[in-house]
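The following pair of complexes shares a single chain, chain A, combined with chain B in the former and chain C in the latter.
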Partner chain A sequence: MTVPTGAAPAGAAPRHRAWAPLYGALTAAVRALLLLVAVSAVVFAATALLPGDAAEIRASPGATTEEVRALRAELGQEAGPLRLYADWAGGVLRGDPGVSLVNGRPVLDAVAQRLPATATLVGAALALAAPAMLLLGWWAGTARRGRGAATALLTGAAAVPTAVTAAGLAALLSGVLGLVPAVSLLPPGQAPVHSPELLVLPVLSMALPTALFGGGLLAGAVADTASRPHVADARRRGRSPWAVAAVDVLPFLLAPFLRVLAVSAGGLIAAATVVETLFGYPGLGSLLVSSIASRDTPVIQAVAVSAAAVVLAGTALADAVAGGTDPRGRAW
Partner chain B sequence: MVSRTAAAVLLLAVPAAAVLGGLAAPHDPTAPLAAPWQGPGPGHLLGTDALGRDVWSRVLAGGAGLLAVSVAAALAASAAGVAAGLAAGWYGGRTDRVLGSLADLLLAVPSLLLALVVAVALPGHAAVVTATVCGGAPLTLRVVRDAVRAIRGAGYVEAARGRGERGAALLVREVLPAMKGVVTADLGLRVVVALQIASALNVLGFGPSPPAPDWALMLRENMPGVGVNPWAVAAPALAIGLTTVALVLAVHLVTARAPAARTRKDTRVGT
Partner chain C sequence: MRRRSLLAALCAATLAASGCSGDGDAPAGADQGSTLRYAAVGAPAATTNDPHGRVANEADYLRFAMLYDVLTVLDERGGAVPRLAESWEPEGEDLTHWHVALREDAAFSDGTPVTADDVLFSLRRIQGKGAENNGRLSMFDLEASAASGEHGLDLVTHQPYAEVGAALASLTFVVPEGSDDITEPVPGSGPYVLDRADDTTAVLSRNADWWGPAGGADRLEVTAMPDPAARAAAVASGQADVAGSVAPATAEQYAGDGGVEVVTRPGGVNYPLVMDLETEPFDDPAVREAVKLALDREALVDTVFLGYGEPGADLVAPSEPFAPRAEPVARDLERARALLEEAGHGDGVSLTLHATNSYPGMEEAAVLVSEQLSEAGIEVTVEVGPPDTYWTEVWNVEPFYLNSLGGNGFVDFSRMALLADGPINETGWNDGEWDADFHRALATADEGERHALLADLQQRLADDGGYVVWGLGDGIDLTASGVTGLPTGPGFHRLRIEEAEVSG
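The block that comes next holds the complex of A and B.
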């Protein structure tokens, strides 16, 4: 008789196994927090300390050095770098990331106004991509012949840059077929769910590469799990293919699936900059791009650091949950 | 052998088409020649763009810069990753741990986000190089490190050590040649990711400035006319898409030929 290698023998479990998931979650959280501090310092250094600042951009053409310096002092950019970072980080922690250098509006207002549009976009893309990547991974991982070719197809298609997928979809769905508008300008103050036709192109162009990429990553996990002895055992006992898939394979895929989802969400947040700019969709991604173009440092810092915070929180959460869901490490 | 030839043909054809395409352009890619947004027709194979410039000529001329930046960035990432991977795999211990945690740190944030932050302070091509090195070198490091650990105790390496070869000389003369397959395949993937970052930054307007022909910039420039002349958007999209797929295919053919040269299949930004 063969012992299923997947399940750990109960007697060999360490005494503190019950605390392991909690400890893992705590480590993941601390790690994410430290990384966020490091990221915020890098963002701050890149935006605040390097040449080409907002004072030069904002000064009228032909302004003298003295005038630029006076404007810089007025904008509060004369203090030392450490002092500036401490002031800024303190402000962010108090919920006050400053005011925009370009239009004088509070940064928090601008972010709050754009957040729902991007959240809708990323959420819809993820909701579409998650089941699709599971199906694609299943298809590539269980293909009898040419599994390598199937995985290569997925990785190859996933390598096409987001802007290319977006432009290709626009040319096809909007240019040739005329099904949806190519520009996704939302009327001011209107929630994106009220104009679903504007969401089609941005959501599809974000979901498609994500599904292909996730499918390529999951194919390996599917193939590994499907070749485990307990799966062959279940098949030999005459369990139906669907039951084998649901009971013997899926639980092992949950941990890699969560990790792939977290990585995909991070990629989607970054891809939102390209997709939103290309389609003129008013979200945080296009806000980040336009504020980089105008060197509006408080807005860049706030948007970039919150994007990094969401990405890091997602990875930490996935790590913590995946640690608890892996059937191999289960204490009961 | 067939796959090797196919990979070589793919790898030569893509840059050749991108570099020589500019010379073959029938018209000046920056000169307005006809009415804007004309569809494909005689004289203008793919029609014209917003300023009445020939789309076909701009597609032929628009790949060299993008490809050059991507290859330069990938070479920098690969060089940094190989150097760090050799050190981590060979010396092990604390060197390995420090370099490994540095790699984890750099991989925590999507490369595209990093590229955007760097683009605040540096010109677009420098941002592409920085982001590709930060996001790509850690992956190269892991691959090379594992490969070095696998051959560390091999007979010919022991023999070289016995002959008195030491440190960097031994790494470069004995260990590095064995990494050729791994490094080549990995370099292909670094180019793919660099191409993603470069095209994203160019689309966002941090790359070449307007009159210059550039595949990625064309995507954004021609989006307003997609309903009138879809080819103005579809042609540069196809050009970038085919280039990336050809690169991934070439990498796949190389790794399929030499199973030892398997690398991580991370072909997307943000991983």
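The block that comes next holds the complex of A and C.
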């Protein structure tokens, strides 16, 4: 099945192979774009299905039906959901994702203002979780006895809800040990990296479940690779365990590792909604939570679609890197 | 790949190391005088710059109260005192025409003086957003009202209205004439000016040109935080000086803590039971009385407010200067059962009581109420709904639920919720005589006489109406030690933080 690279037949095949990556990238891009459109439609529909709309929630309790209708018209929300979705999508295509239905602020401002805080959080959590999940996966995948138990332990621990992990860490690190503050208010006008002590609890609360989850997923790949014939062969030839790990096993893990990282990034963004609310940290996650409560459709759409875009971009990148570096060669 | 994960591990290690070292840099400019950092109730995404429309965040109200002048404010006992308006006097006999004299020394932060035109513009803008602000100022006929000179207003009310001072209190934020669209902050003439703000934190500095008394902190930082426990933790960990509105349990937790002080505002929390007089079985006065008698109010206050409060006498606005002096209703299960028997409910009544979980203690109150009522033969199922649809699907829809009242005075509340044609008459209170007496009270110029009439109206409502005010909880704020001058009065008095100071 594997085509030996040194012996490619002349003719159409090389040209085909030269175009293939481009063609592949194109289909991947189209697929990602379609997925993005689907996500935006599903999120829009889900918001529309929630009881009440922005006008009803913004109106004071005593407002009459006519007053609510007038308010809805003022907010430009009196059309049906299909029309509203089309308007929104058209706006996005023109580069204008609209204004908040709660305070009239441009959605781009609202998102741009909170993006750095959440990017810092997710980036730091990923930076911690990535090596940790590799180590955990290695530990569980190469365990001589009880590999199943080790993997089950990882998966089980990863299933603990983020809120519980966060509360537990806060109780331990802040309550008992008093190392870090229990809430993470960013001082006004400062980037989050200037207050690293405020990042410890939210980052750990997000990184810990991610590392366990990723470790559980990677354990299988580690076990599979370690049991390949060439690994046993290398061992027989007397290669040191470190050299076997570095040369014969790790390269095979790159592709699954990158895919797990991409999926983890999505999970981290979801975890940010919980963690940011719990620690009072002003990022996109808490923005999403409160904009859902106020049915602020343009803001919900912007946050959800950008989160989906990050995950899709990560997956695409992982696929591309995996395709380009898989030591088993390309399988077309 | 190996190199990359090494890099990641390095980053992580650096982060962890610097993270645990702790002290962080002091914010720039913190040494220029005192800064009061106030963690207030608010969802950052709902932050708005428009003081006249829908304001969902207490944090926004605090900011507006510091940036913009209002016509009058309430003092600690709930009476209206001058602010931008120096006086308000009726012209003629029927209390429908009022002359308001404005201060002549107020100026917006861009230097332009505040004139009667700005004030009239602001009042009209507030009235125009009635759908979002609960019909504020709807007692005024502002089309017929006019500026009289640079610093005078002739206000006209639709009906005789002796409480104009209170009607102009606390929320009449004055903005420059022509500020039709307030998506971004506009100049104000209040005790502070805005330095900068994002949707979470606003930084304000003292307005040296403000006409009012000097004092108060040099800088204010108002941060919106939705989670009450997080607000308290912010004070306990030194990230804020004041945590607005925390739960009684949180106050108790920190009460013994050396660095944190508890400040209470009596009457700040009121979760009355609401009974709809137009629905069975509450259309029967005997059933309403039975419900009022079946509650153990002391136990409710002890459990829900942990002692931070007082049992209630069913008065909807007990902190008004003219509220009747009434003893809390004592529990009388025998009488309650007898009343139910008389009303034909000898074999029990089944009811559903609605509550929502965004107000600290409301859910507990509902559960305890259901237990207490069951001892009188009233079987109550508690249904707890999400906060975002409570005001559209339960409030003013269901016949039996818990409301959260706060802020509004008795006259304003009556106009909205008690007159037969009031826009939010949730209890279906429909008493022609009561309405007539209410209008008579507002047409009475003599304050003593008027207050006696209003007291009587409130007592009649307590006896026969659909509100069961079983107790009043304190509004509870936590402060770091060294914070002084926080407001402790009822209702919107809580917004007056311009005299609060912080030392050390």
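Brief remarks follow.
One rule holds for everything that comes next: the second predicted complex is superposed on the first by the 297 of 332 C-alpha atoms of A that agree within 3 Å, B and C clash if a C-alpha of one lies under 4 Å from a C-alpha of the other, contacts with A are read in each partner's own complex, and residues count from 1 in each chain.
As a working rule, a contact is a pair of C-beta atoms (placed from the backbone, for glycine too) under 8 Å apart; a residue touches a chain by one contact, two chains touch by 3 or more.
Not measured: the values here are computed from a predicted model.
Once the two complexes are overlaid through chain A, chain B and chain C clash, as defined at the top of the document.
Residue contacts after overlaying the shared chain place A:180 against chain C, while chain B stays out of touching range.
Judged by the touch definition given at the top, the superposed model places A:299 against chain C, while chain B stays out of reach.
Using the contact criterion defined above for the overlaid structures, shared-chain residue A:128 touches chain C, although it does not reach chain B.
Judged by the touch definition given at the top, the superposed model places A:277 against both chain B and chain C. By the touch criterion defined above, A:93 reaches neither chain B nor chain C. Shared-chain residue A:68: touches chain C; no touch with chain B.
By the document's definition of touching, neither partner reaches A:82: not chain B, not chain C.
In the superposed model, A:287 makes contact with chain C only, not with chain B. Residue overlap on chain A between the chain B contacts of one complex and the chain C contacts of the other covers 51-52, 174, 182-183, 277-279, 289, 293, 295. Of all the residues in chain B, the ones that touch chain A in their complex are 105, 108-113, 116-122, 192, 195-196, 199-200, 203-206, 216, 219-220, 223-224, 226-227, 229-231, 233-234, 236-238, 240-241, 244-245, 247-249, 252, 256, 265, 267-271. Taken in their complex, chain A has these residues touching chain B: 35, 38-39, 42-43, 46-47, 50-52, 148, 151-152, 155-164, 166-168, 170-172, 174-176, 178, 182-183, 209, 213, 216-217, 263, 266-267, 269-271, 273-274, 277-279, 288-289, 292-293, 295, 297, 300, 304, 307-308, 311-312, 315.
Note for the complex: chain A touches chain C at residues 51-52, 56-64, 67-68, 70-71, 99-100, 102-105, 110, 113-114, 124, 126-128, 130-131, 134, 174, 179-183, 185-190, 194-200, 203, 246, 250-251, 254, 257, 277-280, 282, 286-287, 289-291, 293-296, 299.
For chain C in complex with chain A, the residues that touch the partner chain are 1-2, 5, 8-9, 11-12, 15-16, 18-25, 27, 39, 43-50, 53-54, 56, 130-135, 181, 183, 196, 198-203, 221, 223, 225-227, 230-231, 233-234, 236-240, 387-389, 391-393, 395-396, 416, 423-424.
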